[in-house]
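Take a look at these structures.
What follows is subunit A paired twice: with subunit B in the first complex and subunit C in the second.
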Partner chain A sequence: MLQKLYDWVDERVDVNPIWRDIADHEVPEHVNPAYHFSAFVYCFGGLTFFVTVIQILSGMFLTMYYVPDIENAWNSVYYLQMEVAHGQIVRGMHHWGASVVIVMLFLHTLRVFFQGAYKKPRELNWVVGVLLFFVMLGLGFTGYLLPWDNKAYFATQVGLEIAAATPVIGDQIRTLLAGDQSIVGAQTLTRFFAIHVFFLPAVLFVLLGAHFILIRRQGISGPL
Partner chain B sequence: MSEPKKVSRRQFLNYTLTGLGGFMAAGMVAPMVRFAIDPVFKPSAAGEFVSVADVEELSNEPQRFEWEIEQVDAWYESKVQKTAWVYRSENDEIVALSPVCTHLGCTVDWAASEEYPNQFFCPCHAGRYTKDGVNVPGTPPTAPLPKYETKVEEGMLYLGEAIAR
Partner chain C sequence: MRRGKGMKFVGDSRIPANKTRNVPKDYSEYPGRTEAFWPNFLIREWLTGSVFLIGFLILVAAHPSPLEQQADPTNASYIPLPDWYFLFIYQILKYQFAGGDYIVIGALVMPGLAFGALLLAPFLDRAPGRNVSKRPIATSLMLLGTAVTIWLTYESVSAVDYQQRSEQYLVDVEAQETEVEIDTEAAGYAAYESSCMQCHGEQLQGSGNNPSLLATEKSVEEIKDIAVNGIGSMPADMFGGSEEELQQLAEFIKQTAEANGGGGSGGGDSGGGSH
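Up next, the complex of A and B:
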């Protein structure tokens, strides 16, 4: 049945080469943990992506209940966690995933660093990777404010002071992030929400695309 | 008897990995889907009776009464205004009609059209209902106005849920 459906589409649109180009590649021996167990270090990039997919999915579902408004944000998070079926699981996925993704990203970076995989011709992908790291930090920073509890509020207060310590334009950066010159409040929350849910994910997708295209073109680096 | 089919190593791995992958994906997605469709499974809030008017005030002529209920909308609690057209019928029954038009939900008014002084009139598409709330054939509404549950205690009229007819 499925095969017939696939054949019907393939006959007309020739999808075969598309997915072959994406999925049908040999895994070199030195990257395959079945041959050398130590090759598990090559999994961290994929695991980072896996957790990122979980973040995107669980985040999309959280926005079904979450409201970025100082009166209601905390209550909506409380409601979705305590009253909605599986709310604790979905919020838990996003909450813990946010930390796990950083851990995976870090392990992946360590592997690339200690194997020297960033060397010519792969310098550009190291740069893309560092940008991805900053985007992840940004997502973690902006997401942390969203529950609008005390921890969120004061963590953001501190984060904004750090941003304000930038030479020359520090105060302007702080105001731009907080949405107000002195208050961390209504406008801070809406800004952080917009950045967390629209702006940074958009940048994330572009960078991930570049990261994967570069890997596909250059191949995985050779054995040590 | 045909020979038992042999499953090749490749097939076995394909099935196992597809199954395992599917299982993992389902484990990930299932809680999120249940989370998303939760509103469908929430029990509907049972309506309480609220004191609306003194029965002495009622007459044969439909009168408009307003009252407030506490509405719990997930994390947002507020007071919501409700309205009913209430009168005493010929056989001394108290009738309380919802003002929400059964066509597209505008608010109907008693005797609002000069041509039909003894009917409920909806300004949106000129829908009409007779005094007992039954829609007049040939006008847009397709069902009678909902009737509130009524209860009289110590001379006060209490109204409950509006029941569609």
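Up next, the complex of A and C:
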């Protein structure tokens, strides 16, 4: 039954090569920790992606309770933390994942850099990777405000002042992010929520897709 | 790259004339023990991921994520602190020629040069050699940048008293979840148990429209009156014992309320529960 269904789709869409491409490639010895334990450094990229998946899933569940509004934001987080079954675990995963993903990203960056793996022909993938790093930092900055506690509020105020120090367009950047020249308030929260949940994840998915497609097309760099 | 070679027109679209088999990438340049991604390598990846996930969940379970008090823009004494991975920028801005009037240098020029160089590393370091020893400038700059970032973060962290911050700023969960101490040996407890507990709860905490008695500001006489005559939606004659038992009941409620922070001092939200 399933085979027939698969064949029906495959006959029309030719899906076979799509997943066979992912399944059928060989993994070289030098990146396999089973043969050389020092090859565990090649795990950092995969673990970064793993934590990113954790962030996406836990974040999706968080939005089922979170209310991006200055009256209710803190209360909804408090409710989630104290009352909702496993809410503390889900929020904990998102909170700690945000730190762990930066650590993993940093280690992955160091691995690629010190192995010189960004050299020709992989320059573009390095650029995509650094852009991913920036997106992650942006997600960290915007996500920090959302619980709407004192820590979030005052750190964001400082962050926006730093952004406003940009010559010429500083005030415009600040207004774009915060919704106002000077106030950190209701508009700031909704804008940070929108950036954190829609804008940056959209950029993240595009860059991640490019990152992985480039890896498949170029292969893993050879041993040193 | 195929540019239409071997393609044939079918209607208005082109399809490959010959079915190309999906040939695994040739790693014969690096002879060794290659293995198939699916399923051999993936099962190991999955194991690695599982072990990582266990460690991660232990971290999550052991350290609940912190939540500070609700944002209060009028709080002038709060000392801001960004998340740890932004601390290095926060620290740069504390130095004389990178902060204050020179904030453009500390906030934009220095991080901009560092991250710009990181972004453009493949175009700055163009020599073909990949080994660390063959590209001393790139290696030393990266080591320097990493060391400076770690040092700045360390400097910033060491200036913060996290213990004191968490005591001062975190939500006082314990105060909100303190176990109420009920003296079940008290003379009035039996009367409470038989007449009041069904609506006001085992710990006087109330339920639904039935208010908590822990925050009551009423006097003993008023409590006696309510127990007999009712109040609001509470019907009369809930209590049906003797005058002595009534006195003991009212004193029990009053004492328990006072012992648990109620009895006139229970301000804020908890005060809203009393009639």
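We take it that the second predicted complex is superposed on the first by the 207 of 224 C-alpha atoms of A that agree within 3 Å, B and C clash if a C-alpha of one lies under 4 Å from a C-alpha of the other, contacts with A are read in each partner's own complex, and residues count from 1 in each chain.
Just so it is clear, a contact is a pair of C-beta atoms (placed from the backbone, for glycine too) under 8 Å apart; a residue touches a chain by one contact, two chains touch by 3 or more.
Bear in mind the structure is a predicted one, so any value in this text is a computation, not a measurement.
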| item | value |
| --- | --- |
| Partner chain(s) touched by A:V9 [first = subunit B, second = subunit C, both, neither] | neither |
| First (subunit B), second (subunit C), both or neither touched by A:A117 | second |
| If touched residues of subunit A are counted for subunit B and for subunit C, the larger one | C |
| Contacts of A:Y144 with subunit B and subunit C, given as first, second, both or neither | second |
| Partner chain(s) touched by A:F61 [first = subunit B, second = subunit C, both, neither] | first |
| Partner chain(s) touched by A:L176 [first = subunit B, second = subunit C, both, neither] | neither |
| Which of subunit B and subunit C A:A202 touches, first, second, both or neither | neither |
| Contacts of A:G87 with subunit B and subunit C, given as first, second, both or neither | first |
| Partner chain in contact with A:Y78 - subunit B first, subunit C second, else both or neither | both |
| Which superposed partner A:A34 touches (first subunit B, second subunit C, both, neither) | second |
| Shared contact residues on subunit A - subunit B and subunit C | 54, 75, 78, 89, 93 |
| In the complex, subunit A residues that touch subunit B | 54, 57-58, 61, 64-65, 72, 75-76, 78-80, 83-87, 89-90, 93 |
| Touching residues (chain side subunit B, partner subunit A) in the complex | 28-29, 31-32, 34-36, 38, 41, 74-76 |
| In the complex with subunit A, residue positions of subunit C that touch it | 22, 24-25, 27, 29-30, 32-38, 40-41, 44-45, 48-49, 52-53, 56-57, 59-61, 63-73, 75, 78-86, 89-90, 93, 103-104, 107-108, 115, 118-123, 125, 128-132, 135, 138-139, 142, 146, 169, 171, 173 |
| Residue ranges of subunit A in contact with subunit C within the complex | 17, 20-30, 32-35, 43, 46-47, 50-51, 54, 70, 74-75, 77-78, 81-82, 88-89, 91-100, 102, 109-110, 113-120, 122-123, 126-127, 130-131, 134, 137, 140-141, 144, 147-155, 157-159, 162, 165-167, 184-185, 219, 221-224 |
